[in-house]
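Look at the two complexes coming up: chain A is in both, with chain B in one and chain C in the other.
Our next item is the complex of A and B:
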């Protein structure tokens, strides 16, 4: 028997949106801005979780979203030094890898400062962009559901000698157990929304204390008008993917997370999503699909494997499977723009923070996901169980069970992680996905 | 005309091969154990099954492979995942089966099967061999006993101990520690098999517990594993006579479907000459376990089929025609 010969590198099959290439340029420009912050005398705020960046941008504070930095490192396959630094400092591999990677950046910062508490003294390499992240002048913790996220900010503060002021915004869990409760409605919803909105106003006072200037509300209103419009365009484009073949895939929406979630909220995000919407509309008109031969339509539950975005996009395309929607892309990132009153945005912002996909009780979460599966006429569900993200994985068995019992959808689960590649095993994914597709084929045949 | 097909299960610790005739009868089968994924094991399994059957590889009309090494086989015409093949093979062995528990060398899987014999849901162990044959091999070495003696000895357990480790390697550490404390081999082995049962029931719960339950894979030959799993499940396990070959059998059956379609009634490959959908409605074709026996139809036969009885091969041809539409 011949030893297996590695196949030659094949040309890409996934038909990615061309307009999303602009996201890369915008993201690079944004991070360059972050890296220049100290030279330009700007204040820097580190935050995780909820997208409070418009509040910071309005006040001319440079914002650093921990998950976004970790995801960027993983997407560039440069997460290794940060993760190694964090582990050397004592942060174990089972910790949320977003947190571990970002904390590794803080540790690298300690090294740069030659801080005796850093644990080691060697200077980071010049190309180690983990070490380029500027130290925070403030930390704002506004994390829905996940307690790791809240503690992450405390750990960051300790790495900077507990001298960085922290402001905490509590984002309560939405139980939705009252008689009038439901998605974005009911007494609990109204009261909790008000509670978060009041805290955001207190947060603005904290920002004023840091900047020493009155808060520029007009600027926030303008920024949020752009966010609202960008979100509307994004949702319009996503809705068009109910077409067959679907013109764009989950992976296109993943690439579009940065523009909606963390980039400067100026006209560039409106322009970006306008071009995305227009390209999707054109593909619907011409019948061009996100994969050349769409045979299967899949839902992706779970956070993205940031080290594997392109890899997974190609893999599913080669299976003739369009991943048409996902919890991470379709149930997050300003997904309810109608809640935002651009003239008075704080309440709408509070409400969008509350509907983080991890912050619902399971009945609501499952209903929303089943609704998406029906809307996009999904044949199967691929569930990515992130090894280090319990928040996202907690309800996944419930989701799989509901998909099977309510909609008769085949599901397949594989373990991976958000930014730690060592938890991903390609052959295990292949076997599970192929088995699911074979089962879908057998059912189609039986139904024929 | 080639009158046989082969299924090969290129597993993680053993290679299995099955040869079927055109009637779906098992002509020969073999199991080769050579350690980890091994070309040599597959060569041995294939060599043995050919020798037993008195056939040559060139006599095979179709060869279908499964298992983790399924893509590595030059001689295979097609490959399917072990989930599909194990379900197919298990249902062929036990036609009413609704749940398949397969515990092999390095993986364990549970497959719920619907009333039509199709895979409904499946679950597999992730990244860890705890609860699999490898787990038992590691512990057999630690206990200094033969693998094949473990089951009988474990059934002699009189005291309930607990192995808490989820990791096959750390379970070895626990076993050594329990032995050092003076616990008997039998009691320790009882705990080992209880751990396997606990892991297995966890997988069963993910796909839903529904009988009849059939157990396949090499660990099905371990009487203690069967005992403890039955006890934990609260349901009897049906044990086929040759549980290790379920995957290879399922692969061979899939190959048989394809080969019969290609052959046609007179041994000549035919083009489709009638409405496949109408013929399927007439034949009420099934997929899993189908050996080509037409089922009396309750709908009016399509005009093309009224001039002569529906051929046995035609039914499978209509099935495979539909399969080809989908693939």
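Our next item is the complex of A and C:
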């Protein structure tokens, strides 16, 4: 039998921010806290979509964000058992893979519990982290834009025999109706902001019923002051990436999603983004780039492919291409800190939930993306057509069209997925990205 | 008009809904307002003097629409976008909707770009059905849609006109439900494709005209001998297929294989006509009530309602219809259906009720391959006749059954 011929392992090219290494430690500590929750007698809430975690953290409830759990499994290449469990129950591959993976965890959880009740010994091995997800004591659904989120939560509730209390927050899509419609303005914006805020107030009552205690508003105010500051620091650092070469890339901001979106909202997230901001500033001062020989600057449209974060960071760096900004990272996650009044945070929280990167229809969304492309002076746009995340793929043809017609920049689409690796075809990505970069070269030559 | 002439007219309109709309518009000179499925109250548009038309999936292969929406979307959304991009929807003066399936939102955004001269009106309906504020929010959403409609048409929708439209629509639904009852009882012979054309044409035609045809059909219906249990074709319930109508050739194939469809919960079927708008109350209250009642009447996986079970509804519906098996029609890429299907599958396995899942696609359905599966399924169901069935199985929750 011939020995397989493996490609030589090349040294890494992507010059990642050193400060983001702390994110890994913080993330691990957070998940350890989640896995210990039942031993410590804590209530556990499952939720998807909007970052309602400060509401839960304030009430000393352990929060588990479904997408984050699925992304964590995929990033560790441990999504397989959960996806297999979901498939065995009948969830089809075309279903949102975030949901499918998370529901697979729920299926495993239920199966293991039932097996244990029956005296079976088929208990998960310690390294099966899909099965370590603690069962929920409550579910809160607060999903902007994507109908799948609410249905996913409903099915989770049914998987647990409808015995888990569930609360739904309805977050309407901003359709941009009326002459005064726009980003964070207009009658529609004001009306929906108030509607969501009122539901959040009711959600707090639901939390009080679960804990049996008055809601600790002071603690929420303190947590939100940290969120606001962390968000300001993050945006400040992002703004510095207009420099050439860009000191940080889209992939650094992907790694920094967990600290802003789901980690405990204490001083550690402020410290984290202070370090990131300082390192980015230092790189700007010394002219150090996220990609050593930055030749191209790209925009990334679409959600992250969590199986391939490091892989894609390295791939683009090898093409001397800095992916300098993206819809996922630069239009989401407490993106408008100025709207948050830490002393009276509910309305601002509602408004930040409303401006998730998909919750504005194309007239507003496309304008925002074109604005980012101009701000970061990109040469091209790479579009990740995430097979099972239609929330992100919905406007992509309209975005590509606008990029070409309004900005005259190249675009390139590739198919992949959020956490199902089987949809990703590496050679297709290579071919399409190379074609786009060649087109950029040709345009530069003709302009010279 | 004879029984068969009436059915032929329904079938003709079903096959070319936009052709009907163009002719109606030319004849009346009035506006045609399209809507996306499944919960927009067309009564409002009718009361405004316009023709409400629920936009239908077209049989044509997707071409231009490929440039606006990916191929991994359901056939309905891709077809709607394709029709818009080709200019087929130009007959519509406006499009209105309140449902927020994520694929539909993508399609609506693309349609708005493809039809810059057509006003597209949206206000999101609440889909969480048992919150204390569901009724109020549903009413508010319908009121917003009404206000925008009035703004577009530049005249008010009078309450009295809305009350009259509600009565007309209720009457139309009642007549179609009579046909359903007669079919279950074996008092009328209607193929599944014929029943579909009756419902689908109701989504398109002037309601008064459609109602008059229904009255003719009922008057002409010749009673046929009810089939005796245990004899004749296999009694089947069809489930699923929400926004788009299953292709008639698929429905015909079921019957060719030895099935008779005795009931369904298809959108182009009983789901559409299941529920009346309460009368004798404020009409906007009535519409909001109707919206909520629909989901308790025929539960829909596009809504979330923890105290209502679609699977339990299906088992009960089949009991009433004396259906022997259920064929689930799932439109490829339909996420709400994909979410709920495991619940239905497990419930049916526990109840020991046979069912067959068929996934449908906009293009390229392998009908002969499906035929083999349907024949095998019907054969299995037939062999159960007169045979005592084992007690229902209760698999461990979460285990593959």
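Assume the second predicted complex is superposed on the first by the 432 of 448 C-alpha atoms of A that agree within 3 Å, B and C clash if a C-alpha of one lies under 4 Å from a C-alpha of the other, contacts with A are read in each partner's own complex, and residues count from 1 in each chain.
The rule we apply is simple: a contact is a pair of C-beta atoms (placed from the backbone, for glycine too) under 8 Å apart; a residue touches a chain by one contact, two chains touch by 3 or more.
Here the structure is a predicted model, which is why all the values come from computation and not from measurement.
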item	value
Which of chain B and chain C A:397 touches, first, second, both or neither	both
First, second, both or neither for A:309, with chain B first and chain C second	neither
First (chain B), second (chain C), both or neither touched by A:84	neither
First, second, both or neither for A:96, with chain B first and chain C second	second
Which superposed partner A:197 touches (first chain B, second chain C, both, neither)	neither
First, second, both or neither for A:175, with chain B first and chain C second	second
Touched partner set for A:108, first chain B, second chain C, both or neither	second
Contacts of A:425 with chain B and chain C, given as first, second, both or neither	first
More chain A residues in contact [chain B versus chain C]	C
Which of chain B and chain C A:407 touches, first, second, both or neither	neither
Common interface positions of chain A, toward chain B and toward chain C	385, 397
Partner chain B, residues of chain A touching it in the complex	1-4, 295, 385, 397, 400, 404, 410-415, 425, 427-428, 431-432, 434-435, 438-439, 441-446, 448
Residue ranges of chain A touching chain C (in the complex, touch as defined)	85, 88-92, 94-96, 99, 106-111, 114-115, 118, 141, 145-148, 150-155, 157-159, 161-162, 166, 168, 170, 172-173, 175, 177, 195, 199, 202, 361-362, 385, 387, 390-391, 393-398
For the chain B and chain A complex, residues of the former touching the latter	39, 42-43, 68, 71-75, 80-84, 116, 118-124, 126-127, 206, 277, 280, 286-288, 319, 322-323, 326-327
Complex contact set, residues of chain C against chain A	67-70, 72-73, 100-103, 105-106, 108-110, 112-113, 121-124, 126-128, 131-133, 137, 148, 301-302, 304, 306, 332-333, 335-336, 338-343, 345-346, 396-400
